[in-house]
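Got some structures for you, see below.
In what comes next, chain A is part of two complexes: it sits with chain B in the first one and with chain C in the second one.
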Partner chain A sequence: MTSSKLFIDYFMQYVKTRLQYRSDFLVQMVTDIMFQAVNLVFILVVFSHTTQLSSWSREEVIFIYGYFLVPFSIFAAFFNLWEFNERYIIKGELDRVLTRPVHSLFQVMMETMTPESLSGAVTGLAVMGWAAWEMELDFYWYDPLFFILFILGGAAVYGGLYIMLTSISLFSDSKTDIQPIMYNIGNYGRYPIDIYNKVIQIVLTWLMPFAFVGFYPASFLLHDERWLTFAMFTPVMGLIWFSLGVLVWNLGIKNYRGAGS
Partner chain B sequence: MLEKYMELMRLRFLMMLAYRVNYYSGIIIYSLNIGVYYFLWMAIYGDQSSINGTSSVQMATYVAVAWMSRAFYFNNLDREIAQEIRDGTVAVQLLRPYSYVLGKGFQGLGEGVFRLLLFSVPGMVIVSFIFPIQLPSDASTWGWFAISLLFGFIINTQINVLTGLMAFFILNNMGMIRAKRVIIDLLSGLVIPITFFPGWAKEILSYLPFQGISYVPSTILAKGVPLAEVITFLEVQLIWTVLLWVPIRLLWINARRRLVVQGG
Partner chain C sequence: MYSIEAQGLTKDFKIVQSREGMKGAFRDLFDRQYRTIRAVDEIDLRINPGEIVGYIGENGAGKSTTIKMLTGILQPTSGDLKVNGYDPHGEREQFVKTIGVVFGQRSQLWWDLAVRESFRLLKKLYSIPDEDYHRHLNRLTEVLEMGPLLEQPVRKLSLGQRMRCELAAALIHQPRLLFLDEPTIGLDVLVKENIRRFLKQINEEYGTTILLTTHDLSDIEALSHRVVMLDKGKIIYNGGLPELSKQWGGGPRLYLELKEEWALSALQDFTKDISAEWQHIEGRCYRVGLTGPDPSVSEVLSRVVPHASIKEIRIEEAKTEDIVRRIYQEGVPHA
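Then we have the complex of A and B:
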């Protein structure tokens, strides 16, 4: 297939540029780990003042966080669209992308990917493993299968939403700072959803479905059956949101006129 | 002298008015932030009416005040400076008849004032209707809060400038900028008031500048601190605003010497 060959070519290109700026690579790794540690610290500090977060134990909350890191790291590796507006719209690089016979979104994703972010998945698995071991969590044969489906679904939910937000730049050339703030909100999906009130639950399930990236699927892996339907819905949500993202992107590309520089 | 900077601030204020998408999205995102942290903390409180001498109402107030203050002190100067260093526009900026660093600071202030007036103030009114928070009624507390919030802005901006200037030394410092953002949110007391940290961490944090960004102003307003303590708080903030100038100066002098405009 052409796109997989292209992927390999882009990847090799990426490795070359990365080797050029070696210290950056190291800094990126260190900051990623710091990022993950900071969130763990929050959970640990919180549980030094309470034993339960509305019926959830410390290990369960940590497990959910560990799970969340896995789809999140896939998202962070391939949807690194932080500087899309500056680089592609204001500087006009999108014009170059659009003259080529491959889907524009694919090209942009490949040009901006940071595969080293996948290291977060390793951290996530370690955190999950530790929490599962502490809780003596049982495993069933089908857990790994669902796990894979869930993380793909979760990453797609995140990705779709992010593509949509990035697409705003295609409609209006004003710069937006929405994406970085999304990172904050994205975090809320990793706390048990029953601590929030109805409005926020609805927002996190339907409008900004971050609960599908963390809590719902993780609750399935914790063998809590209260959110079983939602958990099963994760891959579907991923498909829906990702398609929506691509749809909005395509509309935006049709609408795009260039910054006129 | 000051006029130039005031003009920079005014221009940034007007620019913010022009980019309204940010403004609307900001409102949604901040209300969601306050809502989520409010429920998170209420879940932590559970049946306890007070933790560490902070009542649940004070905690709710703290969450609201801390996030609304963040709207004022937060800015993206670090990204902006790094971007300008990387694409070389910093060279053009250096030709202009004002200090680059100070100019950036005032631009940040223009941004902050914009959000304070059009965002934090109306937001706070709405939030006080939705959540059971208690704001002080005496003018002097608000006055101390205002001073301390301004210091918070200065400290945060100084740290942002420092991080941004690092782009002179690490050519791609996006990761660092992102990590700084998370670390400041945690260590400044925005997501956890510093009194909630374990003793040893509290000890370390008392020697760091981050407390001055969010914890100090929010505590003054949300908890009603005695005057003597307010003065100590402000002293700490003042010391840090002075101290942080040193690395900025050093970095700046050093950086200009080794300025390499990539592909310029």
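Then we have the complex of A and C:
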């Protein structure tokens, strides 16, 4: 309860800050829209050359791709932890965070969020809509409910994983370049999992479970029942990985050595 | 109940030892050598509610590490610690509601927000009731003369203006205990004075306990009831400031310019039975340091005047700063 109120307060402050730099805000908005438009065109162009990927039709692949953008943009908006090491460890802002009576991770997330990244979700929905319309895909009444559960689960899987990677900074202040690597691997979740060999499938399901961010839940929405169990497992995986992330974070805070001053 | 009660408080840091050269770097990759550094070494510290305590020490003496343990940022390696009745790191979120923290070199405010907005966010973070918030903010605004600053973004404030806002931010939830890490660093004399007056005032008005670290000993002279001095992670002095001067022989210094030049040994002969240290500065100028138990200036003069005629006299009171510097340089004579 208090957290959601705090979230709104932080959000309002964020908007106020953004509005202060009016021209910057406008430029950002225009670039965001252009970026999404380019993204959209890119997807359509790339896939217009392939009619089939393994057993998947072009529209199905585009649908999965569009679906992936939705949980991913939620992740990008609220788990913007890229500069954590630089800003909070080296510059020492974590000290300030730790003297405030709210969970440290929550504060860091609120201070670094970029809600404008949610514009990616709009692109995603547009891409999904276009593909569904092309395929004449019917939705059941419960599909939107599962959709919401799935995107939250997917964002939580992504978020948990990144919290874990970010927590490395709490144990050792040396820079790691593992985040961009993970970021690239994350993209593999955008494609049907049966195009990969067995090992990669296992990795994408259990070790770096990006298939839960994109493919598994999207296959459910496509009414493909081969991965039904996995799809249903998405919210659970979200819960597990997010909890793991928070656990590692808390452990890191215990280990935190403070910025030299 | 004590505001701060620490027993055997210790913090160790593990440091990676890098080897030399390329070969060493490769070996480090596979086999790391660690060295343990004890930043804070079994400190016992008790601070009563309402006290103002100055915490001093050289860079690297362990001041910041102690403060970070006391504020819950770092977990102690060992020892017992209770601050305001809480275990600072273990019960952090509850605990920090009862303390205020100002790090002089780091802002507690949001850089891009107007000062008022920063306060509003803090109000939410600490869940301060509306009425308390407005009453207290008005009071702080008045005392710290923040009225014209409230609508400005933090990044546009001068250092002195910012520091006043930082203090207000640290006190907005009416903490019982205030930690100040270098609160007057980089400020000009007038602002320093204002801040000291303000700190005294809140200490008297609300009974707020204050623990401050500083390099500026005049802060401590103006504020503290007690001084805790730290060296290499250990407390080497814990007591009043006047006693510190007395204990480490910070008597006054006498500068003499004589009519003619004298041999140092001859001058020393005059004051054989009292502890006065003669030093030849240049030409006919001498310095006499009075170190023993209460040797008076007049005593020295009465010994010298019959023999040598004096042209000019200057007396310099011992500065705490000099005493502290001497302690750092020469170590603790009896601790």
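The definition used in the following text is that the second predicted complex is superposed on the first by the 228 of 261 C-alpha atoms of A that agree within 3 Å, B and C clash if a C-alpha of one lies under 4 Å from a C-alpha of the other, contacts with A are read in each partner's own complex, and residues count from 1 in each chain.
FYI, contacts are C-beta pairs under 8 Å (C-beta built on N, C-alpha and C of every residue); 3 or more make two chains touch, one makes a residue touch a chain.
Since we're looking at a predicted model, the values are computed, not measured.
Once chain A of one complex is fitted onto chain A of the other, the partner contacts of A:168 are limited to chain B, with no touch recorded for chain C. In the overlay built on the shared chain, the residue A:99 is in contact with chain C alone; chain B does not reach it. In the superposed model, A:3 makes contact with neither chain B nor chain C. When chain B and chain C are set side by side, the one touching more residues of chain A is B.
Contacts of A:243 after superposition on the shared chain: neither chain B nor chain C is touched. Contacts of A:200 after superposition on the shared chain: chain B is touched, whereas chain C is not. Residue overlap on chain A between its contacts with chain B in one complex and with chain C in the other: absent. Of all residues in chain C, those touching chain A in their complex are 13, 64-65, 68, 71-75, 89, 92-94, 96-97, 99, 101, 103, 105-108, 110, 112-113, 117, 120-121, 124-127, 153, 181. Residues 21, 23-24, 27-28, 30-32, 34-35, 38-39, 41-42, 45-46, 48-50, 52-54, 82-83, 86, 168, 172, 174-178, 180-185, 188, 191, 195-197, 199-200, 203, 208 of chain A are the ones that touch chain B when the two sit in their complex.
Every residue of chain A that touches chain C in the complex is listed here, in rising order: 2, 5-6, 9-10, 13, 16-17, 20, 92-93, 95-96, 98-103, 254-258, 261. Residues 18-22, 25-26, 29, 32-33, 35-36, 39-40, 42-46, 48, 51-52, 76, 83, 170-176, 178-179, 181-183, 185-186, 191-192, 196-198, 201 of chain B touch chain A in their complex.
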